[in-house]
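Heads up, the thing below is written out as structure tokens.
Chain IDs A, B, C and D follow the sequence of writing; residue 1 opens each chain.
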């Protein structure tokens, strides 16, 4: 590998223009013609699926929707797959958002999973409390009592008029609290305000980038498990039998990852090529 | 007198609130006392939200002042852009105030600050796409960083690179094709070494934060005060 | 008639493409998109401020003024923060800052002992013996990396470096644990970096599917405009470089 | 350790807490919160006392050496180099609210900002400070004014040029900061505080203009980007140690020993916990012990 080919490789990959055009191509091509790379199911996703399956039918579940529009790609497919599994078991869900963008992403969630939500009655099978400000303090007061924290739901109905909220009020009424968040602090709040004081079992839905630093909570048994990004979404969609954004994105993910591996290899080849070349001189 | 009011009392407020909120958190004594503790604790965090709200308004005024000066001073290269920023800021605040006004005039309409139609339109079609775009521009930066910074310069960088490649392969269906064990290796890396690696950092960050809390408590940390009178 | 909804979608696609163009090169269209975004965000954050003020203070002051009179204190402190602009009374703003600094620090300091320290200690206490060899290996690895990391972060307590020739036992143990800590952290950083790629790709995919693919014409036009802006920028930058060269030679 | 007035007060505080607890335990008063393990309160007290004692020891003339933090020394070098190239310096401490549990990290960032401002004054550099924390706009303005004034160059301070608040919204802030770094062609880019996804945005923007970069955060998820891309980086709690160094006050620096005391305590407790496992006792349960009766 003499010097000018090295320089050529460096010039080609070094210039950001070509690097990014290759990247965009790898991203969009699978949506034009899918490659259909098979998806294997990891033991961690199976463990979460079996836990949710073990909940008694008609149970009560609390779900925190804490992400912005940008994070929908990674988190929404997991939430939709979980909602399908829970609705199939006739479980009732109380949705809440401690983030301002909650109402907007929840309306997008309802339109993506319209087939699931249309079979259920608002106020009886599921409720959305909307944006509750106060961050960790709000999580703490919701754990003590939902009625004591919010007086109206996201759509302006008074809490007393919703049948579901007559059946559940405190953290201990829920058999599972699912926290879908694009941040790390949200998981800390629920570990500190829901798990530590009331031992409510938590299930985290996190971005791949956040997962490693939330892993210690799962390791310390403060959460029963964790679904991470589009990979878990693709696996869970296979398990609950509802194809969604997770499966559709796996080809594009694989191709883009392969391309980045090529970039890393090229970077090392150029680096070591130059270093060995200068050492020889 | 002026030194007391300018420096001593603010620092005294910090020390008192630190001690009081720690007592609220750890002590109970009996049901009624605990009730008072949690009520005052909630009141204090509400106070923080209110002060933060006013600080945001001061911030809004600061942005307005900055771009106003740019329009006057920075000439044609920057002026039109600053006009765009100021106009959009005022328009958003105007729609928010209209929503706020309506929420008190006829509450049944369900219109409040963030659900005011034009405000929501601007949020959904200007703010949200830009927010998503800046968030996802990171993929381009990761690609260029992968080429430029991800070189095995020394043994530690080599280990970092090797682990990253394994986890990348494990994350996608590629890994399964190359070696079926890749997925379980990735899971092992994520649960054992990775968890252990972040534990000292999490603990260290905790020690650092508490030590800084101590320095605030005994008036040894004054950077938030700004000027040394 | 172009519906507001379609008009909005086109604006969204334009802004996204122009913001992406910054990765290629800073250009006038990115500057426009940035200033639009900052203006909207500035207005949005003031609106959120008004919204949280309304929820926390105004609503309860109107509903039961007797019970929530104390909200007047932070309201006054908040208004006083505008005095930061005055030369004589700049220090009055410090009372509001003092309250928020104290409450933020207190929130951290009182919850960290449990979440960051005790829980982590409990998770780090694992049996270093047992029947299943893999489990024992995992536990030893966890134990060593945790100990190594804690040793790496020691700032003021570390054994002196022995002069050349002499070898002190404590120093070698310290050095070994220090290196285990460093290499352990590198594993964590590598794993985390790799996981980031998954998330960022996921974002761009959802941007493409939600904002760009349904409005392909807007996307193409925006890309063409951005390319032109970047080419102008490259030509202007190279022309100004020749000018400086000519001036220097 | 001579018993001075403050040590005497400290001992009386500790003794009174112990005494009240014993009396409460004997007379079955629910003194501590039943849902909060007592171990966390004891750990907190231990850390505060250890930190205070190390400060006290330095006040009495004790000395100690601090492990070198390369990234801290690199700040001055970066500023000097960028002044030679006639390029401004950029520093940012992040976005969000100081009334959140990230307050300690913002304050560490402010501590380092006061150091950067002093260096800027010393080398006569043009400092641009961008921030997204509305509550501390006034403090940042005054820190930068103080930095220039302490070097005898108060005329260099221009609040509009030096301090730029860019909203507390994460990505509006990030888009404006990356534009500032590139358009102002900054020579040194210092990024210290709690950072979220925008960390890599600042690093790549700095790389686009070839700036000398020093970065650090105690938010674990963002440390890898700083370690990989920045020239020098603070890892986790090193930002707190650097914040103490930046204050230039020996006694604040002494508080770092409190952090080290915490680490030694952790090492000891982990070893003790593992040894106890042999004898069948569980330190983990002990740490979960809650003050409850019946």
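We adopt the following convention: contacts are C-beta pairs under 8 Å (C-beta built on N, C-alpha and C of every residue); 3 or more make two chains touch, one makes a residue touch a chain.
These figures come from a predicted structure and were not determined experimentally.
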Chain at maximum distance from chain D, centres defined as averaged CA atoms: A
A count of C-beta pairs in contact puts on top the pair B-C
Just curious, how far off is chain B from chain A if you go by their C-alpha centres, in Å? 20
Round to the nearest whole Å and give the separation of the Cα centres of chain B and chain C. 7
I'd like the Å distance between the centres of chain A and chain D, where a centre is the mean of that chain's Cα atoms. 30
Interface hub residues of chain D, defined as touching at least two other chains: 36, 40-41, 44, 47, 97-101, 104, 107, 135-139, 141-142, 166-169, 171-172, 175, 197, 219-221, 223-225, 228, 235-237, 241, 256, 259, 262-263, 266
The positions of chain B in contact with two or more other chains are 22, 25-26, 45-46, 48-49, 51-52, 55-56, 58-59, 63, 114, 123-124, 128, 130-132, 134-142, 144, 148, 150, 160-161, 164-165, 168, 171-172, 190, 194-195, 198-199, 201-207, 209-210, 212-213, 216, 224-227
Quick check on chain C: which residues sit in contact with 2+ other chains? 19, 22-23, 31, 37-38, 40-42, 44-45, 48, 51-52, 56, 81, 84, 90, 94, 96-97, 99-101, 103-105, 107-111, 113-115, 117, 120-124, 143, 146, 150, 153, 185, 188-193, 195-198, 200-201, 203-204, 206-207
Chain contact topology (line, ring, star, complete or other): complete
Hey, which residues of chain A end up touching chain C in the complex? 16-17, 20, 27-28, 31, 69-74, 100, 133-134, 136, 188, 191-192, 196, 207-213, 216, 219-220, 222, 228-231, 245, 249, 252-253, 256-257, 260
Quick one: which bits of chain A touch chain B in the complex? Just the residue numbers, please. 13-14, 16, 19-20, 23, 37-40, 42-44, 68-71, 100-101, 103-104, 131, 133-134, 137, 141, 155-156, 208, 211-213, 215-216, 219, 229, 231, 250, 253-254, 256-261, 263-264, 266-268, 271-272
What residues on chain B touch chain D, complex-wise? 22, 25-30, 34, 45, 48-49, 51-52, 55-56, 58-59, 62-63, 65-66, 69, 130-131, 134-135, 137-138, 141-142, 144-145, 148-150, 160, 198, 201-218, 220-228
In the complex, chain A residues that touch chain D: 70, 135-136, 183-185, 188, 196-198, 209-210, 212-213
What part of chain D is in contact with chain C in the complex they form? 36-37, 39-41, 43-44, 47, 64-67, 69, 97-104, 106-107, 135-139, 141-142, 166-169, 171-173, 175-176, 178-179, 182-183, 208, 220-221, 223-225, 227-228, 235-238, 241, 256-257, 259-260, 262-264, 266-267, 269-270, 273-274, 277, 283-284, 287-288
